[in-house]
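Read through the structure below, which is laid out as structure tokens, and then see the notes.
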């Protein structure tokens, strides 16, 4: 347990405001295509006239938040808050 | 972990408004016949004079939403909202 | 994953109104005798002067609703609502 | 999956009204001595001046309700309601 | 599954009123020393000026209630109610 | 199952009133150093001006309450109540 | 079970007040880089105009609180309270 540790983001829970289109199906697929993403679960929380609030739970071996944010913004959606983050550390010697 | 990833829809939870006929038994069977569907669970939520609200949870290795929607509409039912979506990503090299 | 899929009903939850006789013990046994049924769990929900409401949860590899309905009606009981259905799909080639 | 099925009662939950004597310890032991019974769990629910209400959960490979009822009545107790029944079915060929 | 069955008491939950001394630590140890007892868990429920109410959960392969009662009374405590009993049955041939 | 049984205290849950210093980190470490202790979990319950109430859950193969009490008092803290005790019994022949 | 025991802090739950920047993503990564940390989970609890309250759950084989505190303060954040601590003890001979 010496040497610098590599830290990977393995989970992000994002509260997102989006227009009704694209659907949560299309947005989930788009995010699932990004490298380092293994699974996306999207749950509808609230529906308003023009928008809806959804909670995105994104898991993967190494999430890249900037790429995720770009994809979300491509859907005309915005991250309202980041509600949960998990990171894991591995010694740089035991990379996988 | 390079090369494009294939994204599969593995779970859909749909809030559906339907007439009393066909029954949830018949609708569940119809959906279960579609390719890429492994299991359908249908729960009755509310009963009104002419209609009922049901929640469909559909799981499978690769769901095709357009086909599911067609089958639901064949039952004179309509998707009121899509409440949950799960997708999974695999490298295109490790297809199964 | 090609060719038509066979769909089997594997779970039914039924809300049933019945007279006090036959007892839930006798009704459960009668249903358990039907082919394709593996287990029946019956829970008493409400007791009135002449009737009682029970919830039947029936599991098995391949339930036949028509046969179940016949047996329930033999007990002078009626299905008030079908509260849950589960189906599973198998390729017709991988029959068991 | 052909031929008649044998149905066994594997669980009974009984709501029982009993005098304070014999104790739930003595009643549980008496029921546990019956053939086909594997376990008895008895929980005290309510205590009144002369009586108490208990819930008996009886599990076993093959419960015989008539024998159980006889034993309960030997304790001067009566079954107020049968709250749950589970049965399991086996093909008569795969007896154990 | 023939021949008489041996019934063993494997669990007792007792509601006990005791003085503050001996402590629940001392009482638990005393009960744990009895033959046929494997584990004792004692939870404090209520504290009054001179007394406290505790719930004793006693597990073991073969509990002897008379011995347990003697030990409880040695602590100047009394069993207020017996809240749960579990028994298990074994054929006298498969003794362990 | 003959011969005297050895009884070990394996769990203690203590409600403790302590000054803000030493911190729950320091107190947990101090208790963890005692022989027969395997794990200490300390949860903050209430904070007042000069004191705080914490719940200590201490697990180990053989806890010695007198030693634990000494260590707690070294932290200027006092045991407000003993909320749970678990003991386990082993035949003196099967010592580990 | 003789000789002095080594005590390791394996879990810390900290209630932390922080400015909106750096984000919980950046703070979690920074903490994950510290030696002896295996995982960090950060959950947003409350958002105010200039600050937010988050709960940090930090797990690892051997946490060093001083280092964690330094890193938290580098983010202009402060520990409002330490809500949970877990320690584990090992004999100094069975080091890993």
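By written order: A, B, C, D, E, F and G. Residues from 1 in each chain.
Definition applied: a contact is a pair of C-beta atoms (placed from the backbone, for glycine too) under 8 Å apart; a residue touches a chain by one contact, two chains touch by 3 or more.
Since the structure is predicted, the reported quantities are computational estimates derived from the model, not experimental observations.
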item: Superposing rotation of subunit C relative to subunit F, computed on C-alpha atoms, to nearest 5°; value: 155
item: Interface numbering overlap (same over half, different under half) for subunit E and subunit F; value: different
item: Computed distance of Cα centres, subunit G from subunit D, in Å; value: 52
item: Whole-Å gap separating subunit A and subunit F, where each centre is the average of the chain's CA atoms; value: 42
item: Sequence of touching chains round the ring, subunit D onward through subunit E; value: D, E, F, G, A, B, C
item: Interface residues, subunit E side, partner subunit F - complex; value: 23-25, 28-29, 31-44, 47, 60-62
item: Residue numbers on subunit D that touch subunit C, as the complex places them; value: 1-2, 4-5, 7, 9, 11-12, 65, 81-89
